[in-house]
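When the chains are written out, they are named A, B and C in that same order, and each has its own residue count from 1.
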Amino acid sequence: MKVMNIRHNIVSKRIWAFQAQIRLPVMRARSPRRLLCLYPAWLPYMLLIPALAVLSLGLFAFLVAIYISMTDFRLIMPSYQFVGLRNFLVLLHDHGFRAALWRTFWFTGALLAVQLPLGMGIALLFQRIRVGVAIWRTFLVIPLMLPPIISGLMWKTMLAPHGPVNYLLSPLGFTDLAWLGNPNTALIAIFFIELWISLPFVVLILLAGLQSLPTEPFEAAAIDGAGPWPMFRYITLPLLRPYIYLVLIFRFIDNLKIFDTIMSTTRGGPGTSTQLIQVFIYDEAFKNKNFAIALAGILIVWLLTWMVTQLMFRRLFK
Amino acid sequence: MLRIRQWFNVLLVTWLLLLACQPAVTPQAPIASPTPRPIGFNWKSQAGKAIQVLFVKHPFTDALLPLIKNFTEKTGITVSFLVLPETEYWTKLGIDLASGTASYEVFMTGPSIAWQHARSGWIEPLDRYIQDPQLTSPDWDINDFFPAFIAANRWNEKIGGGLGEGNLWAIPVMVETTIISYRKDLFEKVGVQPPQTWMEWPEVAAKLQGLKDEQGNPIYPIIQRGAKDITSIQAGHYTGFTTWGCKDFDENLTPLINQPKCVEFARLWVETNKKYGPPDWTNVTWFDMMQRFAAGQAAMVIDNDFMAGVYEDPEKSKVAGKVGYALPPKGPDGSIKSNIWTWALAMNAKTRNKEAAWLFIQWATSKEVLLQSALAGNLDPVRRSVWEHPDVVAMTSKWDNGNWRKVVTDMLEKYAAWYPTPQTELVAVWDRWIQAYHEIYAGKDAQQAMDEAARDIEQILIRAGLKQ
Amino acid sequence: MINRKIFRLISGSVLSILLTMVLIFLLFPVIWICLMSFKAPLDIISVTPKFIFRPTIQNYAELFTTSTAFGGGVQGGFWHYFRNSFIITAGAMGLTLLLGLPAAFALARFKFLGRSQIIFTFLTFRFVPELSIILPLYIIFQKIKLYNTYIGLVLAYQLITLPLFVWIVRVFFENIPRELEEAALVDGASWWRIFWQVDLPLVQGGLAAAFILCAIFAWNNFIFGLILGSQDTQPLTVGVLGFMSYEQVLWGQMAAASMLIILPELAVVALVQRYIVQGLMLGALAHQ
């Protein structure tokens, strides 16, 4: 168990003491001890096989897609001639692809950096609510309920130069700003739309996690006079780690797949300022009709996602 | 736990009920009576067959769908169809055709897409059906169509040329041409006339600056398409481009868009939009443009003629009755040319019900059906008989005191044609083109942007195997 | 004492303000759409956003009467697409519950060879955008005659819902305190009884959260319904796009349809909330 590097003052010493007291139950709740009863060895596999069997359809389609990515398949000239890794090399040399990839990773990182703290904050806020939690939670989920295409279209009308958003921001001076038409602000607008769509997911999971936490550590800490911030930092956060990782991994993966919002607002424009990697791949597949090259692009992104997720995964299951 | 089970049961039962209560989806086919095969054309020659049609959500489709039961009565062929909005339509059609499964006997296409389909062998040349007296009714009359629009759908499969020759790949059902739609009241107030030439266009726009509507909102002098979509290159822009004297490719498929003359036009186009158009030009799609003009936010738009149907409808537009129409601006050499788009019906080459499909296409493009669709809002007609039919004349003469009709008649008879060069990578090329315009809008030097675009476009053509 | 009180007052009101701001941010667009669904076409295209206008239910009425409003034409109409969406989503969630619960339980509480690899495999299904496998899936579906069938779509939707569901529920299963299980074991319970009577009630909260999320993703999915389905089976999300007509976008009707899309989801969330609360109460009790 890693010993935390604490500053030597009275409060932290006390917190450390609580930690020592609650460490054992916390450890037990987190360590993956298995069921101690008797069960046949084949049981886990049997429980898993139906799910995996259904998903194997997708796996098979994915393998076919891998094969197609190594052919010269085009949407207007379906041929299956094997060309090996040529499509991958073409893509990696393509300036547009690299630019889109770079842009996407920056965007994803920035979005994650805002989603998690903001989501955490909102979840903590929600936890304080005593009355009508159910209604607040229902409100919370509403942005998630609209199909992303519709969300994008609606946001597009709202962000028009004389639309409601500029109207509401007019005290600040934004009366005529073309959020989605200006290459400098388009990506920022997409950022906020995506934030709007994805916050419910983050808050929902973190809130469920927060509300499933045991109360003894908090009670013990409160008795010993710890303030809200140390309680949060030394008790809440460590206990919430599995949920935070869950959110982190899923948001990372979903942020890379952002597509519908962009297609219904800017389609990758102005210029290429909002052309994230999925938009680039879609254009390559359905505008340039180079389906095989698009699939190669998807595989490259898949590989990168796989590597990053493996890293995160290892830390979770250390 | 009991509650969960209860809910689960309720949901399960509901689900099963809904699943079981499916109405009959496909209409029943009337029993084909065995008759001896007659000589000459007969509508019922394919009775008992079933075809599937893929439609784009379009006024033509909206007008045609209620009439399909007439077709089934007349021919005994059952029709099941699917309607999708344009972007989704192309995605679905592309996947269906590329996968090799011929799910749809008939689908809608247009000149540029038909080139791709023709080259891949997915659509059937229709001349043989037209010329066969057993398969085509004598009333159908191909000469009733305006020649330019049939020519737009003919191609001899030669990349870089050959439009208007060779096989007929699809039958057009409507056409759109480019004209000027302008606010008569505002023009009168300022004291200008619609621009006669493209050079006058920014000058007229400059005089229209500073106008405001009753609530004090700015009225932009012009509005044009500018979103990152190939339709932004298509209509008003391509009309201007061609009239200016420019061409997109030569016969060897060398891009000509970075020729000094064309760069001049690019500069004119982008800068006029930047100075006199709305600030989010790079995000304005065709329906944004149409909607804003109808909302009274712009003084002049050089785009599709049929949008007058929306502008003149008092329920959909605030400017009904205030709009004037004029021929598009002339080029430096004084000529008027307009690019077009025609939706057309094509036949899947891989289907086994080709005659049945042809009967459907024939019926849907016949004089009676096209007339009914025109009266229901499918403009502009491609048949002369429809355009000159008294009901259509009456309907279209209401707009701008008959001026709209006069302008569009000139367009249909004289000036409108398909100008882009046949090649199968049109979508990719035009996408790169509009991207270059966005870069010029953001401040890049026009010659440099167009040079880079020309280079990338050559790469696209080389990668597609159209060029060495 | 006074300091404490003031601090609590200030922090209480600061919290309320923050919460209100968050809610405005989250709800304003939806409120705007709701307003839009009651506006006449002229009010919608008005330049200055109109917050005060004369409401009309014309948009909702047209949804149910004008047969060509939706892409379906004469056969379609709002109910047709709504039914399709309901059948597909309910079917997909039912199947996901059936397949996902045992899988999540197995991954959380048993130790066996290949466990972490399988966990990771579930995750990898989320990496791929649906667009990448849509062409192979289309060909496969056509070949095995699953194209344009409810069963085919329900199976395809598993690719979206099952991995997320298993992953979320698994985390909740893993965080069950051991003492309760050990107590049951002492009483001589088998793994099946532990699953049904001990673990399942305790993860109700997480189960409900996972159910909400997966159901929403399934309900909102668009690409599978578009490509793998046709006229008979297309869900609401595809039908609503029929408002992007060639001549105009019927914003009012699209807004009205959006409201109607949200309503069932709201109903499901409201329904499932009870189990979240129950689950949390049980969880709190468990820790005593």
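Going forward, contacts are C-beta pairs under 8 Å (C-beta built on N, C-alpha and C of every residue); 3 or more make two chains touch, one makes a residue touch a chain.
Because the structure is a prediction, the values reported are computed rather than measured.
Colleague: Can you tell me, using the touch rule above, whether these chains form a line, ring, star, complete graph or other shape?
Modeller: Topology of the interface graph: complete, with all chain pairs in contact.
Colleague: If I rank A-C and A-B by number of C-beta contact pairs, which comes first?
Modeller: By the number of C-beta pairs in contact, the winner is A-C.
Colleague: For chain B and chain C, what's the span in angstrom between their mean Cα positions?
Modeller: 37
Colleague: Let me have the rounded angstrom distance from the C-alpha centre of chain A over to the C-alpha centre of chain C, please.
Modeller: Distance between chain centres: 16 Å.
Colleague: How many angstrom lie between the centres of chain A and chain B, each centre taken as the mean Cα position?
Modeller: Result: the chain centres lie 39 Å from each other.
Colleague: So which bits of chain B are touching at least two other chains?
Modeller: 91, 95, 98-100, 217 - these are the residues of chain B that touch more than one other chain.
Colleague: Hey, what residues on chain A touch two or more of the other chains?
Modeller: 162, 291
Colleague: What are the residues of chain C that contact at least two other chains?
Modeller: Where chain C meets two or more other chains at a single residue, that happens at 47-48, 135, 139, 241, 249.
Colleague: Looking at the complex, which residues from chain C come into contact with chain A?
Modeller: 15, 18-19, 22-23, 25-30, 32-33, 36, 47-49, 95, 98-100, 102-103, 105-107, 109-112, 115-116, 118, 120-129, 131-133, 135-137, 139-140, 155-156, 158-159, 162-164, 166-168, 171-172, 174-175, 177-178, 181-182, 185, 189-191, 194, 205-206, 209, 212-213, 216, 219-222, 237, 240-241, 249, 251, 254-255, 258, 261-262, 265-266, 269-270, 273, 276-277, 279-280, 283-284, 287
Colleague: Which residues, counting only chain A, touch chain C once they are in their complex?
Modeller: 25, 28-30, 32-39, 41, 43-45, 47-48, 50-52, 54-55, 57-62, 64-65, 68, 121-122, 125-126, 128-129, 133-134, 136-151, 153-155, 157-158, 162-164, 167, 196, 199-201, 204-205, 208, 211-212, 214-216, 242-243, 246, 249-250, 253-254, 257, 259-260, 278, 281-282, 285, 291, 294-295, 298, 301-302, 305-306, 309-310, 313, 317
Colleague: Would you tell me which residues of chain A are touching chain B in their complex?
Modeller: Against chain B, chain A makes touches at 73-78, 90, 156, 160-162, 176-183, 186, 265-272, 283, 286-291.
Colleague: What residues of chain C sit close enough to touch chain B in their complex?
Modeller: Touching chain B from chain C are residues 41-42, 45-48, 68, 71-75, 83, 86-87, 90-91, 94, 134-135, 138-139, 142, 147, 150, 196, 200-201, 226-227, 230-232, 238, 241-242, 244-249, 271, 274-275.
Colleague: In the complex of these two chains, what residues of chain B are touching chain C?
Modeller: 1, 3-4, 7, 11-12, 14-15, 18-19, 22, 25, 56-59, 61-62, 65-66, 68, 80-88, 91-92, 95-96, 98-101, 103, 213, 215, 217, 287, 290-292, 294-297, 306-307, 309-310, 315-316, 318, 377
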